[in-house]
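Take a look at the structures listed below.
Each of the next two complexes has subunit A plus one more chain, namely subunit B in the first and subunit C in the second.
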Partner chain A sequence: MSDRFETHEHDVLIIGAGGAGLRAAIEALAHGAKVGVVCKSLLGKAHTVMAEGGIAAAMANVDSADGWIPHFRDTMRGGKMLNNWRMAQLHAQESIDRVKELEQWGALFDRTSDGNILQRAFGGHTFKRLCHVGDRTGLEMIRTLQDRGVEMGVDVYMECTITKLLKDGDRIAGAFGYWREQGRFVQFKAKSVIICTGGIGKSWKITSNSWECTGDGMALAYDAGAELLDMEFVQFHPTGMVWPPGVQGILVTEAVRGEGGLLTNKLGERFMQKYDPKKMELSTRDVVARSIYTEVKEGRGSEHGGAFLDISHKPAEYVKQKLPSMYHQFKELADVDITKQPMEVGPTCHYMMGGIRVEAETAQTTVPGLFAAGEAAAGLHGANRLGGNSLSDLVVFGRRAGLAAAEHAKKVSAPNIDASEIERAEREMLAPFDQSAGESPYAVHRDLQDMMQSLVGIFRVEDDLKTALAELDKLKERATKVRVEGSRMFNPGWHLARDLQCMLTVSEAVTRSALARKESRGAHSRIDYPGLDEQWGKQNNITKREGETMMLKQVARPPLPDDLKKILDE
Partner chain B sequence: MPEKTVKLKIKRQASPNVEPHWDEFEIPWKSGMNVISAMMDIATNPVTKDGQQTTPIAYDSNCLEEICGSCAMLINGKARMACSALVDRFEQPITVEPLSKFPLVRDLSVDRSVLFENLKAVKAWVPVDGTYDLGSGPRMTPQQQEQNYPLSNCISCTICMEVCPQFNEETNFVGAATISQVALFNDHPTGAVLKEERLHALMGDGGIHECGYAQNCVESCPKEIPLTRSISRVAGQVMVQSIKDIFSS
Partner chain C sequence: MSEAVMQVFRGNREGGSPVEFRVPITPGMVVLDALHHIQGHQAPDLAVRWNCKAGKCGSCSAEVNGRPRLTCKTRMDALPTDQPITVNPMKTFPVIKDLVTDVSWNYEVNKKIPAFKPKAGTDWKMYQEDIDRVQEFRKCIECFLCQDVCHVLRDHDKKEFAGPRFMVRTAALEMHPLDSADRIPLVKKELGIGYCNITKCCTEVCPEEIHITDNAIIPLKERVVDEFYDPIAKLVRKITGAK
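Presenting the complex of A and B:
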């Protein structure tokens, strides 16, 4: 084993300190494991803090008819039956206890008049099911889990990026990475590794995701030989801000249209007249999304590739009263006054349903000792995710992963780290400094984002996807030759050169899966195959590395047991 | 016609051991630009106003929606979140410096781990044994929840500590954020179990008596947390506790 680098040893190493990572850490600690958590930013600042709506759990505090069965049914229907049914079942059953536990640990949920946790309605949920803390549920969840983790004495390695998972034969042996501030390399030896790195939004130009969401965990797992599942299912919100940069990607709630907002193209035409003259702007989300898409594709989009959404014809006081947080957010973050000027909106990449393939009970991947939970893992949400089901996903499967990883660590011996693997990881990281010519990683990243936004976005078509694959080949080639200036001391260009590799891997997996699935289902909308396809409804897409090639195959969806089938038929 | 530009003057320091210097930048203006998006633009082409090639600026940031608390820094001398610092609202050149009361890491990045140490010292958590299922948490009225809601809004940005004249090495004062968390957890039905320990922690070195009621904290908090009210509440609790201590000793 190489001793040239700072080395840390843990039973369980967790990559990512969002809701899933922290919950996994708490569980593994409770089961006696020595736990380390690595995160790219600071503790308590993970992307989870941005979740607003709430956490879905069938507590039945407000609607007494709710229970795990309706929650399970809603989740499966939302996911167009492509979900891993066992995950959907566990999630519906266990999210209730996970919320109670957060409450025990001090999370300050909004209350009913009799002192229980208040629950609100949300799209796709049959009952009032979302427990919330104002409109900042994610922040409260992170604060609560962080306080609990601090109490239990978790070791956190902040501002550290993992670049490679290490293996001992077939099984996991640890991870290799660097300190973002100093650029020094560091290795972690671990019997179990849990990936909780979240989503992949930064592959698209317009995204609500933070800078950390570059698909690291999915790419690391893929490189280590794990399988990726249903990567075509990327959730876009049809109206996100496309301009100005300070608020780019931030969601514009559908309430703006509900309150009378008008959609226009660059010619000033209210284009919904062409697509849904009856309902106009109040048309369904997918029709609005597709109308904006068509306007942009046909050259009538706004300067920054969107449409205008205008509520300024309403009295300013009315707008401020009906849309208070929208008004304040855009005013404070980018000086956009929505009572005076139109917003420029377009599809924004919001959430990744696809990800690392895991076993429902243990969250273990196909690589022994490697686990995944949260947005980085796949299966629970199927073809589309219901609002509120992501925060509950984090705590249900974060806990399961932490438990299984701790148990796994008890059973196996200490792994050996292969020195040659470390050397290779080091060489890969240093390569951008050796380029004498070559372009900036920022240029390649910008082109990747533009390409994914226009060709592998909210609506897909075969020609675009084929072009995207060809473009990805060129971008991969360019990415091998990017040049980085300066030293390894906090060097964002160098960090991006590395993150770019992850984004290219996940982008390719998304594109290949999207090309293969010749139907429209959930978040995957094919212009050339607008309907559901029976055969595709019975199978999942799996992406796996074979040598240097990305292979795609289809596997049959496991059949539902009779009792669950009956629930869904009701 | 010359394009509109933004001028920034940024304090740079490669490491704690070297002398700081200032780099000046002049970059193309964009509508709605804030200090973070300006520094992102600089990172793609790190060249100073005088045409000197330099390195991208080191800083902490994450959500860019003023909810994660990462990007606190001094902008034109005032501590605030950089993601909501709109360049059009500042006199130029806009000076950007790291928070001054925390150990410098590099450029605008500082080590704020003292906040976690302080939270540990006052046991800012609800103590429960997490190895078995406890069922629902304690009931809480909507009024109780609403009273404490503002306190749980803390984003750990440490601005209240930066602006506090008493937060320094001489006093070891824990700062307003920590005291406000004590108020939050002392009020929690289960968290109150540790109330005495928390109050004792605030009686010692750097405790609540160091507060000079300058009120800078409450004026600077980006989340408008009623910090001075928390301090008054906890100060009252500390006083009651110290009287109790006299009688029980």
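Presenting the complex of A and C:
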């Protein structure tokens, strides 16, 4: 093992400190493992903090008829049956206890009049199911998990980026990365590694995602030989801000619609009547996003190319109490008082349903010792995620991953790190400093975002996707030649040069999978194949690395057991 | 398209100076957009912390025209355009590079505060009116602007004082209806609440509009007084079991 670098050893190394990573850490610590958490930002700033509307769990505090069965059914139907049924079942069953546990660790959810956790309506959920804290549920969750983890004594490596997973033969051996602050390299030796790195939104121009969402974990796992699943399913949230330009894409929580917000076009029509007359504004996100997109495209959009979302018919005090951050966000950033005026909203790239393929019970990937949970993992949400099912995903499968990773670490011996792998990782990181004539990584990133936005967006078509693949080849070539200015000390240009590699990998996986799936299902809409296809409904897309080539294959979706099939037929 | 002149601090622990950049202004632009424009077109190695760009994560704190602010919520059109816009790192914390400061001290202070400890045998019933105040405190996004502006930390470098942020966190725990721990001795000694002389600067800069001084610090000061200087009140609390 190379001794040139600072080295840390852990039983379980967790990459990412959002909800899934912190919940995994808590569970692994509880099972006696020595745990390290690495995160690109400061602790408590992960993307979970931006989750607004709530966490879905069939507590039945407001609607007594709710239970895990309706939650399971809603999740599967929302995902257009492409979900991993076992994950959907575990999620619906276990999310209730995971919410109670958060409360026992100090989280303070909004209350019902009889002193229980209040639940609100959300798109695709049959019952009022989302436990929430106004519109800042993610903040409450991350702070609660952060406090719990700190109390348990977790080691956190803040502002540290992992650039490579290390292997010992077939099994995982640790990870290599750099400290963002000083630019020094660091290596981690670990028996188990859990990837909790979140999403990929930064490959698109209009996105609700932060700079961190560059698909690192998926690209790291792919490079290490793990399989990616159903990468074509990218969720465009129907309601992002559209004006002014600087705020384009910032999320407008679905809770606005959950609390009674109405969508209209410039003619004043409640256009959801045309697209989903039964569920209207509370239809699933894929449907609402396509509806807004269509209204705008057909000339019925708002002044700045969106739809109107109006909550001003509710009492002003109620709006401020239930949607405080939306009130402030629009007032301060867009000069709009949402208690009096409608908001202008349009689709924004928000969430990745696809990701690392995992085993349902243990969150184990196809690489021994490598686990994944949260947005970085795939399976639970199928072709479309319901709002509120992400926060619950984080704690249900974060816990399961932490448990399985700790158990795995107990069974295996200490791995060996291959010095040549470290040297290669180091060389790759330093290469941009040797370029004298290359372009700025920011320029390549802008072009990637523009290209993915226009060619691999909400509506897709074969010609566009093929053009996108050709464009990706050019962008990859340009990315190998980017030039970095300045030193290694806290250098965002250098950081982006590395993140760009991950974004290109996941963008290619998304595009290849989207090209392969010749049907429209959930968030994946093909103009040239507008309907559901029976055969495609029975199979998942798998992306895997073979040498230097990205290979795609289809595997049969695991068959539903009879008892669950009966639930779905009801 | 009009242009803004930005004077952005560039430097590190050893020192530094303002560097001038010209940035085109677009409608609704915020200071963080301008910093991103500088990174994207002029200085790719300009160090800036940010995450959500929506006022929810508290990463992008800096001092704009001398005032501690979230750069993602500071509109360019709210600043005077006849003079350069200055952007400096938070003064209270050591500079790492450019606008990025070393805020690790805050994470160390935080570890001193005992976590939530639920009352034994609780049925977890809580009513909205009993948690409204605590929910106000839990809006804190840890931007550390209150720590930055606090003159005890900023001008006197009295790190014996934990600062407004940790008064807020402690108040949230102390006022949680089901908490059973007693952090008042900690508040008095290790967190040094006596250093605060309630000038309310922290409240003024809080982007979450938490009433830090009135709702968190003053009630904690009162509890310290009750516990340490009022034996009768202490006796009453012991008998009634109230906190």
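Simple rule for what comes next: the second predicted complex is superposed on the first by the 471 of 570 C-alpha atoms of A that agree within 3 Å, B and C clash if a C-alpha of one lies under 4 Å from a C-alpha of the other, contacts with A are read in each partner's own complex, and residues count from 1 in each chain.
In this section, a contact is a pair of C-beta atoms (placed from the backbone, for glycine too) under 8 Å apart; a residue touches a chain by one contact, two chains touch by 3 or more.
Source: prediction; values computed, not measured.
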item	value
Simultaneous placement of subunit C and subunit B on subunit A, clash or fit	clash
Partner chain in contact with A:336 - subunit B first, subunit C second, else both or neither	first
Touched partner set for A:97, first subunit B, second subunit C, both or neither	first
Subunit B versus subunit C as contact partner of A:68, first or second or both or neither	neither
Partner chain(s) touched by A:140 [first = subunit B, second = subunit C, both, neither]	both
Contacts of A:108 with subunit B and subunit C, given as first, second, both or neither	both
Partner chain(s) touched by A:484 [first = subunit B, second = subunit C, both, neither]	second
Which superposed partner A:42 touches (first subunit B, second subunit C, both, neither)	both
Touched partner set for A:251, first subunit B, second subunit C, both or neither	second
Partner chain(s) touched by A:210 [first = subunit B, second = subunit C, both, neither]	both
Intersection of subunit A interface sets (partners subunit B, subunit C)	41-47, 49-50, 100, 103-106, 108, 110-111, 113-116, 133-134, 136, 139-140, 143, 147-148, 150-151, 181, 210-212, 243-247, 250, 329, 332-334, 440, 442, 485-487, 489-493
Subunit C - residues contacting subunit A, complex	12, 26-30, 33, 39-41, 43-59, 73, 75, 96-98, 100, 103, 107, 110-111, 115-116, 118, 124-128, 131, 134-135, 138-139, 141-142, 173, 176, 179
Residues of subunit B defined as touching subunit A within the complex	14-15, 30-34, 36-37, 40, 43-44, 46, 53, 55-56, 58, 60-70, 83-84, 86, 88-89, 105-107, 109, 112, 116, 119-120, 123-128, 130-131, 133-137, 139-142, 144-145, 148-149, 152-156, 185, 188, 190-191
Interface residues, subunit A side, partner subunit B - complex	26, 30, 41-47, 49-50, 97, 100-101, 103-106, 108-116, 118, 133-134, 136, 139-140, 143, 147-148, 150-152, 181, 210-212, 243-247, 250, 329, 332-336, 440, 442, 485-487, 489-493
Parts of subunit A lying in touch with subunit C, wherever the complex brings them together	41-47, 49-50, 100, 103-106, 108, 110-111, 113-116, 133-134, 136, 138-140, 143, 147-148, 150-151, 158, 181, 210-212, 243-247, 250-251, 324-325, 328-329, 332-334, 440-443, 446, 484-487, 489-494, 496
